[in-house]
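Here the structure is laid out as structure tokens; the discussion comes afterwards.
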């Protein structure tokens, strides 16, 4: 058997990498994807805990996370398409009208 | 099918008028008067029938079996901690009397109104309000605990406010409405305090439990708890009663309430609502019986009010105002009765008063109707020929109120005075003032009659053409006239050594209350005769004086007024009480709220704080807003920093220990 | 232990066996693929009253081999400005996934009568608890092959083809999955073998198959499966008349062949799936029992006459080559049939695979049939059918099935 | 080193490499592909843990639907290589170190506290899909219904966003 801790560490690393991508990328879509990466890392942790505790709740939560991610993708990508249409750019740093 | 159908479903009685009110209020605007009539009359009429049936069931079936009040909890209304206020209704002899009076007189007045209000605007509105009033009044009298009673109490206040201000386009009317409402608030304040005190002491507001608890404390006259809970509670409740029943010093609203349509004055401000105070005192008699102080206060105030109002009534010229002051004075009588512990007598007078005073108002309304809206008696006179029926009925009522046997008020007043006289311990002043008031009453009532119906017409005959009212107005007058004749006979046998059926009927409620007044039969009997004769003599005297003044030498009153200018003025201006209140209470309040509450507290403190906070927020915002660069990546970094902080706090033991208590607080 | 870990803990012999199985299956599938093209061309030709391929080998039986060689030796051109990695990745992805899906399909009920170093030999590579889900996940990933191919070739038509296909596959995946749920509810499991054994026909024959209660589900599934495999009438990603050749316009020679093979493989998979989910897999349509015993000789009853016919046809074939080969082939086939009669044990053993293959063949024929007859949909029609017809119907089917199951209290 | 452990490290390596390439790839579609790789690797890990259903759903929904959507959008917008701008100073200087610090801290926290997690009692129970569904429809039924509502809202939102405003 693989110790649960390994999974947890892996999920931590993946989450961190997701965070790095989150601050590092400029392309809206890539940023979005990095968020998905973080979600996946969290899912991994969930499943690991569920396996460790022998309960299924963790997996159920993974399902919920996936559903939410799907909804988020649908809406988020819609927004992205609109932004791209209006701003003619996918670079988040060029989409900075939302300020004082 | 329960054995006592209506009794089991007691709520049907108040519900019917509510339905009527709802229907008329919601849809009546579109409907013709006929439909509105049908709804209003059928609802009240039905509830009257139900009340009759319920009374029958209670008296014939229920009471003989259980020897206790019928009490039914319909649903829990408020349940908080150990406080429970259920929507409970109860039925006992007292309730029977009240319910029958309310529904019966109310029904008659509804009929009358269909004629009186026929040409008024807002017809449906009027009947909707009237039904609403019936609903609340029935709740009030049927209530089985103080909370529900208070609901009815406030409800009738609301209805009366609405109806006084019925002609809300007239400023005086709306002012009168507000006045009534506010003055009542003062009384209600006391009433609520009373309820709180009772709940705090006995942990229940349910009549049944409450009274049983008190009765359980085996109480003997010698250790009457002076200044005890009983006194305070009784006086607080009585304060509420003063507000509702227009006793000193809170009577000022009632005369102004005459701004409302006459049927309203008849129903609310003569027959039913204003007697609610008396009802409450009677209902809570158990406190007063246990507190001499409370009794003294009630008696004195009642007596004072009776006399005071009567004196004002002497000189009023507005026909309805005269009746208003007479109402106040009669209410004073009832409280006098309660004050001397003659609760059943008080209720008796309440009933008879409901009959003849309603009759008086309705007749007055009929007169006003005939005069085309004229209310000033100085512009009337000689109407007796033109409106016979009105005259006849009103004359009967006047005889009744004057206390001429064998009419209703004779018996009720008589028993009040009798018991005032019989009560030991320096209560005689009350008796004598009462007697004097009877004299005055007879005088000013007949002054009214003479001014209105006798002598030469003092109005321009071509302009005003007097006409008798339609039958749907006269009908109720006749019925009420009959009632005010025979209404008192239930107590009549007392004079011939028989027994007073009315007080006997109410005995289960008031129980030992009258026992105090029970002295040996024979003495009591011939004393009763003596007092009765005295009372009749005073009444006749009053009538004679009035006749002499207003029929023989119509000039005399003016001369008298001139010769006793100050007294006359004082009376005419009602002892300047309104002005006094305005100066003593209203003025300072206005000044306080304007100069302190508004200019200091509101502007400086509250607004200052709020604006200060707002300014602070703006200032902070101005400095912090630069963080909002609009650049998503910067935001991302901020998010990361936040996450870092959280992790540090969660997993760094030192920091965690630092926030642990807060966490615990949150989780708890 | 979860199935994966149980695999991992198997002894080495198991792995050898599995690898052998995989190799065998690959070989079979590829051959079948090859001859499927031949089959298709022949059938369509007959439908259009042509002769079809008959130059290479008798009745053009060697045509597939010729095509394969042609693919191998053609120049492998790569357009300028393509994204190399993806351009190469796409066909591999498509083919690998298509082939991988074969791994979970069970071909027969009982293992071979002999053992391989003490490991029993099942007629499937693996039979996971969630076989169906595995299939679906593989199909789901299958989109990328097409989409990436379209994107990577850096050209308009392929891009459009890729877009279309990704949209189309995503939309039809929904209704496909939904339409199967009814079956899952009835079998109460994802395992294909469980689903098959659930519709065991030994009692009532084919009345116990799923396609009777799940007829709606079946049609939804089959239609969306056709769309999922980009076949006529849903072959918009490669619509010749509109987009040259769609997503594989820029692909030549063997990379093109990969897409080709992938498509046909997925056809086979879908046919297998149809027959497994709705037509009782390897169950014979006839009830068990002595009365229907004779049906067990159906394989022979088909093989022997066919073989004889092939011999007869071969003798009067125009080319010498044909006159030599075809009779031999015929004799082989007839001999096979005879052998089945001679060895009843083998015959019994063959029943399962026979029926399954027969059903698959029928569905494959159906594919070809559809291609031969139906016109292509317009794109909006395609989307409307997917979203406004199939999806609601299949969902309704699920609801009704669930209701019935709950109502009858069966678990 | 047992076989599961071996597989774990293999998949973990794949996942991490995929994540790294998600960061390093200039072109969004490559990032998308690397993300898909990560997801598939994670699915493998789920299988390894015996969570078969979740693994399948991970591939079907994440790999087969969500990421397809991403790829689709990338293709639709024909997104090119991302330009390398650095308008956000804080992100330029503080961003990377902070994120790395986050990674390190998380890992450290897991190393310190993750060990306390007890190991599986009976892992094969996790393989049971029907148990999950029971849980989903008994304990978590309200969240479940809520998610359906969420999806409905998302659909409407997507429609509203995606339709071209009629002029």
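Should a chain be cited, it is by its letter among A, B, C and D, assigned in written order, with residues numbered from 1 in that chain.
One rule holds in what follows: contacts are C-beta pairs under 8 Å (C-beta built on N, C-alpha and C of every residue); 3 or more make two chains touch, one makes a residue touch a chain.
Since this is a predicted model, take the numbers as computed values, not measurements.
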Both-way neighbours, i.e. chains that touch subunit C and touch subunit A: D
Of C-D and A-B, pair with higher C-beta contact tally: C-D
Most widely separated chain from subunit B, with each centre as the mean of CA atoms: C
Distance between the centres, which are taken as Cα means, of subunit B and subunit A, whole angstrom: 71
Centre-to-centre distance between subunit D and subunit C (centres being mean Cα positions), rounded to whole Å: 32
Chain centre separation in whole Å, for subunit D relative to subunit B (CA means): 74
Centroid distance [mean C-alpha coordinates] between subunit C and subunit B, Å: 92
Multi-partner residues of subunit A (at least 2 other chains): 19, 22-23, 26, 93, 96
Junction residues of subunit D, two or more chains touched: 4, 48-51, 53, 57, 65, 69, 74, 76, 87-88, 91, 95, 98-99, 102, 106, 109, 123, 126
Each pair of chains that touches, named by its two labels: A-B, A-D, B-D, C-D
Contacting residues of subunit B [partner subunit D, same complex]: 629, 631, 633-634, 636-637, 640-641, 643-644, 647-648, 650-651
Subunit D contact footprint on subunit C (complex, rising order): 1-5, 8-9, 83, 85-86, 128-130, 133-134, 136-137, 139-141, 143-144, 147-148, 150-151, 159, 162-163, 166-167, 169-170, 173, 177, 188, 190
Footprint of subunit D on subunit A - complex, ascending: 1-27, 29-30, 32-34, 36-37, 40, 43-44, 47-54, 56-57, 59-60, 62-64, 66-75, 77-82, 84, 90-91, 93-94, 96
Contacting residues of subunit B [partner subunit A, same complex]: 625, 628-633, 636-637, 639-640, 643
Subunit D to subunit A touching residues, read off their complex: 4-5, 8, 12, 15-16, 19-20, 22-23, 28, 31-32, 35, 38-39, 42, 45-46, 48-51, 53-54, 57-58, 61-62, 65-66, 69-70, 73-74, 76-77, 79, 82-88, 91, 95-96, 98-100, 102-104, 106-107, 109-111, 114-115, 117-123, 125-126, 131-132, 135-136, 139-140, 143, 147, 150-151, 153-155, 157-158, 160-162
